[in-house]
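The next part holds the structures, each set out as C-alpha cells.
In what comes next, chain A is part of two complexes: it sits with chain B in the first one and with chain C in the second one.
So, the complex of A and B:
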C-alpha cells in the first residue's frame, strides 16, 4: 500500500512537472514575465541578450526622425538581408573557376527562387554601401563624432572599409567577364606601389606591392587560388569581422551616453505630450536604470531626463526602418536582375571593364595614376577622416545638423567649390589630355605625383586650410573638406559610371559607344 | 612581478605564433602554367602585323631585322591590350603604345615588355618570364 502510494505521488509529481515544463521554459527564457508594463518591459530589455544592446530608455532627441534618419539601422538591416540571402546562395555556389560561373547560372536560371535571392543579395549590398556612406555623412554633419565618441568614429571607419571589402570580394564570385576583369584591375592596384618602387629602382629589394598582390591572389594570375581566397574572405573573415566591429560599435554608442544631442536638447524639445507615458500598472518606485520615476516632482508623467522606454518606442522605429529597407531591396530585386555576363576569359578584357559603381570614382582616379588613384589618395582620405575628431575639439552645436562655425551657408559654398573644382579638372583632362600626351618622355614619378587626382586633393586641402584660418575653427575646415570630398566622390562616380565608354574614352551617353 | 613577466611572455609567444601562422597564406609554389611558348609564324606574316599565338597574351612580329615578341599585358593594371595599325591600345583606361611598346598616352607607367625569343628549328620559342631590352630582334 505504502509503496504504491509513494510511487503514485512520485508519478503525480512527474506529471505535474511535465505539465509545468512549458511554463518553466517560458519563465526561464523571459525571466521578468510578459512585458506588459513599462517596468516589465525594462526588465525584458535588459534581461535579453539581444535586446540589451539597447539601453532601457532612450532620450526623446534620439527618437526624432532627423536625428539619425534611421541610416545606421538601415545599414544593419541591409547587412542582415545579405547574411540570410548569402547563406542561401552558399547552398549551391561552388568556388572554382568556370564551375563557379555554372553554379551562379544554375542559381539564376534553375534553382527555385534562386534568381530572386541572388537579386536581393546584390541589391542589399548596394543599399548597404549607400546607407553606410549616408550614415557617415549624418554623423559628420551633426558633429556627433566629437568627444567622447572619437573612438566610435574610428570603429565606424573600419566598418566602412569592411563593407567595401565585402562587396569587392563578392564581385569576383560569379566568375564572369565583369568579375574577372574588375578583380584583375583591383589586384594590380594592390601591386601598384611598384609604380613608385620601379621608378626609384628598388623593387628588387623592397616590393610591398608584389607582396600584397601575392597574398591577395595566392598566385601570379587571377585563378583558382584567388577565387578560393576571395570566397573565404567574403563568407567568413569579413562577415565575422564586420559582426564583431558592429558589436563594439553598438556597445560604444551606449557607453558614450546614447546618441549625441545638443546640450539644450531638453529645452528645445519642450515638455512631452501630456498623454505620455501610458502606465498600465503602477510602477515600483526605484532609482535603478530600469526605474520609471513617479511622484510629485517635475518628472511626473515623463521618464527620467526626458527619456522614453526603448520598448516599444525605439523598437517601433527600428522595425519601421527595417521594414522599409526590406521593402526597398525586394522592390529593386523584382524590377532589376543582377548582371551575369559571359564566363571569364583571361585573354579578352571586357571593354569597358568596370568595377561596381561605388569604385568607379576610384577607377577614374586610377586612369590618371594607378598608385595615387588606387592607394595614395584613398589612404589620405581614410587618414583624414580618422583624424577629424582629434583635430576638431570644439563643443559648439554638437548634435545639430550643419553644426559649427559657418553652418549651412558654409556647406553650401563648399558644395560649389567641391563640384566646381572637380568638374573643371575633369573637363580639362578630358579635353586636353595630360602630361604624357604632351611630353611623352616625361619621367613617370612626375606623372604619378602631378595629375588631376593629386591636384584635386591638394585643392580641396588648401580650401579647407583656408577655412580653418578664416573661421579660426577646425570644424569649419572639416565641414568644407568633407563636403568637397563627398562632391568629388559623387562627380567622379557619375563620370566613371555613365560617361566612360570603351577604352575609357569620354562619351556623352552610352548610346554613342561604337559597336563592333 | 613573476606573474607580470609570465603574462608578457605568453603574449609574446602568442604574437610570435600568430606571425608564424600568417606565413601560411603566402604561397611558396605558384600554380601558373609554363611560361615558355612554342610559336610557328605563318609564312605570309607581313612586317608590322601582329601574330597572337592562340591562348597567349603576346604579339609576335617579323620584319627585315628578325623576329620579336611584345607582351600584350598592359603595364598599368594588367588588361590585355589590342594590337592596332599604329601600335597598341588598352581597353581599360585608354593607355596607348607605339609599335615599339613605348607609352604614347594614358596612365601606363612603363613601356610594354619585350619577351625573349629563341629559334627552334622552323619554330620560335618565346619565354614570357624573360624580359629583354626593347629592340632585341632574333634571326634563325
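So, the complex of A and C:
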C-alpha cells in the first residue's frame, strides 16, 4: 500500500513535471519572465546573447530616420541574406573548373528556386557593397567617428575591406568568362608592385607583387587552385571574419555610448511626447560585478531621460529596415538575372576584361599606372581614412549632418572641386594621351609617379590642405578630402563601367564598340 | 515607432507578395510542365517531371527530353503535342548519345530559347533546321567522298541499274522493304521474306559483301531455271566494270548522312581546298576551316549580315559576297548558285570538333587521323574540283576576279596539245614561285604523287587531247642568244616585261617554268601562239605585228634559256 502510494505520487510528480515542462523551458529561455513590461524586456535584452549587443535603452535621437538612414542595419541585413542564400547555394555548387560552371547552370535551370536564390545572393551582395559605402559616408558626414568612437571607425574600415573581399572572391565562383577575366584582372592588380620593382630592376630578388598574386591564385594562372582558394575564402574565412568583426562593431556601438548625437540633442528633441515609463519597478540591478571594473563606460552617469527601451522601439526600426532590404533584394532578383556567360576559356580573353564594378575605378587608375592604381592610391586612401578620427580631434557638431566648419556649403563646393578635377583630368588624358604617348622611351618610374591618378590625388590633397588652413580646422580638410575622393570614386567607376571599351579605349556608349 | 511599424508592415507585405510571385514563376512559369501535361503514354498521362539523358563519357546532360519526351529512353510511346514526338530514325539513338552532341544547343537548359542556344553567351547554338546532319561532322570525317560531278555520275549508275528496285537507300526505293536498319528503339526487327535486298543507307560505314556482284550473278542464274522466278531476275543485269566502280564509289558515300555528303561533294567541286585547309589538307591562302563550324557566334561580326545573328546566316551571306561581310577579305565572289551556297554553308557548319573518349572515336576519323586516308576520293576529277577549280574553274578555262590577276586556262587545247605530262606534273608539284600558283608537293597539306598523276591524266581525258610525242631531246635549240635578246626586247617585252618579269602576259623568267618547259614547247608556243589568249603565233604573217622566222624563234628560246642560269 505504501509503495503503491509512493509510486503513485512519483508518477503524479512525473505527470506534473511533464505538464510543467513547456512552462519551465519558457522560463529558462526567458530568464526574468516573459518580456511584457519595460523591466522584463530590458532584462530580456540584457540576458540574451544576441540582443545584448544592443544597449537596453536607446536614445530618441538614434531612432530618427535621418540619423542613420538605416544604412548599417541594411548592410547587416544584406549580409544575412547572402548568408542564408549562400548556404543554400553551397548545397549544389561544386568548386572545380568547368564542373563549377555546370553546377551554376544546374542551379539556374533545374534546382527548385535555385535561380531565384542565386539572383537574391547576387543582388544582396551589391546592395551590401553600396550600403556599406553609404554607411561609411553617413558616419563620416555626421562626424560620428570622433572620440570615443575612433576604434569602431577602424573596425568599420576592416568591415569595408572584408565586404569587398567577400564580393570579389564570390565573383570567380561561376567560372564563366566574366568571372575568369575579372579575376585575372584582379590578380594582375595584386601583382602591380612589379611595375616598380621592374623599373628598379630588382624583381628577381624582391618580388612582392608576384608573391601577392601567387598567394591569391596558388598558381601562375587562374585555375583549380585559385578556384578552391577563392571558394574557401568566400564561404568560410571571410564570412567568419566578417561575423566576428560585426560582433565587435555592434558591441563597440553599445560600449561607446550608443550612436553619436549632438551634445544638445536633448534640447533639440524637446520633451518626449509622452512620459515613458522608466523602470516602473525598483531597479534589480546589482553592482557586484561592475564594482570591480575599473574605469567607466560611456553610459555610466547618464540618466535614462530621452531614452526609450530598445525593445520594442529599436527592434521595430531594425526589423523594418531589414524587411525593406529583403524586399528590395527580392524585387531586384525577380527583375534581373545574375549574369552567366560562356564557360571560362583561358584562350579567349574577354576584351575589355573588367573587374567587378566597385573595382573599376581602380582599374581606371591602373590603366594609368598599375602600381599607383592597384597599390599606391588604395593604400593612401585606406591609410587616410584610418587616420581621420585621430587627426580630427574637434568636438563641435558631432552627430550633425555635414557637421564641422563650413558645413554643407563646404561639402557642396568640394563636390564641385572633386567632380571638376577628376573630369578635367580624365578628359585631358582621354583627349591628349599621357607621357607614354608623347615620349615612348620615357622611364616607367616617371610614368608611375606622374600620371593622372597621382596628380588627381595630389590635387585633392592640396585642396584639403588649403581647406585646413582656411578654416583652421582639420575637420574642414577631412570634409573636403572625403567628398573629393567619393566624387573621384564615383566618376572613375562610372567611366570604367560604362565608357571604357575594348583595349580600355574611351567610347561614349557600348553600342559604339568595334565588334572585333 | 509608428512610422517604423508601418514601414515594417509595408515591406513585409511587399516581401510576401514578391515571394508569392516567385513561387508562381517557379511552379507555373515552366514551359516544359505545360508540354508534359499534354503528353499521353500507354497508361494515360505521363508524370510531369524533369527528364534528362546523361552520357558521362561525352560529358553531356541533355534536358531536351523534358519537352521532347518521346526521345527519352523508355518513353517512345508518349504522344500529344508535336513537341513531344519521337526522333526520326537516326544512326545514333538519342537515348544513348543524348541530343547536343549532334544538334548543338544547351543541354543543361530547361527553357526553349536557352536550350536551343539562341541566347547571348552560349557558343554552340543548335544547328539550323534542314542542316542537322552538319552535326555528324562533330565526330565523323567521312572518307572517300567524291566531287559533285562524280557523285552524281555514281548515283546515276546506281539508279540506271535499277538497284532501287530492291534496295532501299536514304528513304527511297525497295519494293518490299525490311524495317529500316537505322535503329529505332522499341520497334521489333520483322522477319521479312520477299524480294527485298538489304537497306544500303549506311553501307559506307558498316561495309558490304565484296563478292556481291558474283553472288548476284549466281542468284540470277539460279532463278532463271526456276519456274516461280521472281521479278528480280528481270531487274538485275550484268554490270560493266566501270559502272561497278561507280557503284562502289556511290555505296562508299552511303553513311547515313546523305545531305551532308551532298554538301561535302559540292565543297569538293568548288575548289575551296585550293586556298583553305581542312583537317591539315589544302592551301594556305585563306583561313584554316577545320573548326570553322564551331565558331562562337558571339565572336563573329554580324554588322554586315542582314537577318538572324546565326553562323548559318553569316556564311550564306559571306558566300554571296565575301568582301561585304568580312571587309578586307581576299576571297573572290565565286559566282555560285543559291543551292550551292546553301550546301557550302551546310558543309562549313559541319566543320566542328569535339574531344572524344577513345571508345567514341569513329572509324572514319581514325582512318583520316592515323592512316592518312583521304576524306575525298583520289580520282582526278574530284581532286581537280577540290584543289584546282577555285582558280582554274571547274572547266579548267581559268577565272578572272576583280582585283586579282587572271588565272590561266589550262584546258586550252593549244596548251594541252604542246605540253608534256611531266611539265604539268612539275608545275602542280612545284607551283610557280612569284605567282599565285602554290606548289602542291608539300609534305603536309599537299597532294601525293599518285594524286598529282591523277590530276594530269584527268586533264587529258577531260579534253581528249593526248600529250604530244616529241622525238627531240628536251634541249635542242642552238640559237643566238644575243640576237634573241634584241628580238625579245622588240617583240615580246611589251607583254612579258623587259626582263621577262611579266605584265599583261605571264612571267617567263620563272625557274620552274623554264626547268619544266622543253624547247619544243617554247618554240611551238611562240611560233603557233595560244588561241583564246593574247599570244599570237609569230610564224604566221600578220599586218598587226612582225613575223618571226623559225631561226629567230629559236634564238629567242636560246635567250630565254639564259635566264634559267641567272634566276635565283
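The criterion applied here is as follows: the second predicted complex is superposed on the first by the 486 of 516 C-alpha atoms of A that agree within 3 Å, B and C clash if a C-alpha of one lies under 4 Å from a C-alpha of the other, contacts with A are read in each partner's own complex, and residues count from 1 in each chain.
Here is the rule we go by: a residue touches a chain if its C-beta (ideal position, glycine included) is under 8 Å from a C-beta of that chain, and two chains touch if they have at least 3 such contacts.
This one's a predicted model, so the numbers in the text were calculated from it and none came from an experiment.
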Taking the superposition as given, does A:80 touch the first partner, chain B, the second, chain C, both, or neither? neither
Once the structures are superposed on A, label A:444 by its partner contacts, choosing first (chain B), second (chain C), both or neither. first
Output check: A:348 vs chain B and chain C. Expected answer is one of first, second, both, neither. What do you get? both
Taking the superposition on A as described, I'd like to know which of chain B and chain C A:134 touches: first, second, both or neither. neither
Quick check for you: in the superposed arrangement, does A:65 touch first (chain B), second (chain C), both or neither? second
Is A:116 touching the first partner chain B, the second partner chain C, both, or neither of them? second
Greater residue coverage of chain A in the superposed arrangement, chain B or chain C: B
Based on the superposed arrangement, let me know which partner A:237 touches: chain B (first), chain C (second), both, or neither? neither
Touching A:324, do we find chain B (first), chain C (second), both, or neither? second
Need the overlap of the two footprints on chain A, from chain B and from chain C, as residue ranges. 348
Per the touch rule, the chain A residues reaching chain B in their complex are 181, 184-185, 187-189, 192, 195, 198-199, 211, 214-215, 218-221, 223-225, 229, 346-353, 363, 366-370, 433, 436-437, 440, 444, 447-448, 502-505
Which stretch or stretches of chain C touch chain A in the complex? 1, 3-5, 7-8, 11-12, 14-15, 18-19, 21-22, 25-26, 50, 61, 63, 106, 108-111, 114, 120-123, 296, 298-299, 301-303
Flag every residue of chain A that touches chain C in the complex, lowest number first. 63, 65, 102, 105-106, 109-110, 112-113, 116, 176-177, 312-313, 316-317, 319-321, 323-324, 326-327, 330-331, 333-334, 340-342, 348, 515-516
Considering only the defined contacts, which chain B positions touch chain A in the complex? 25-27, 30-32, 55-57, 76-80, 89-94, 102-107, 109-110
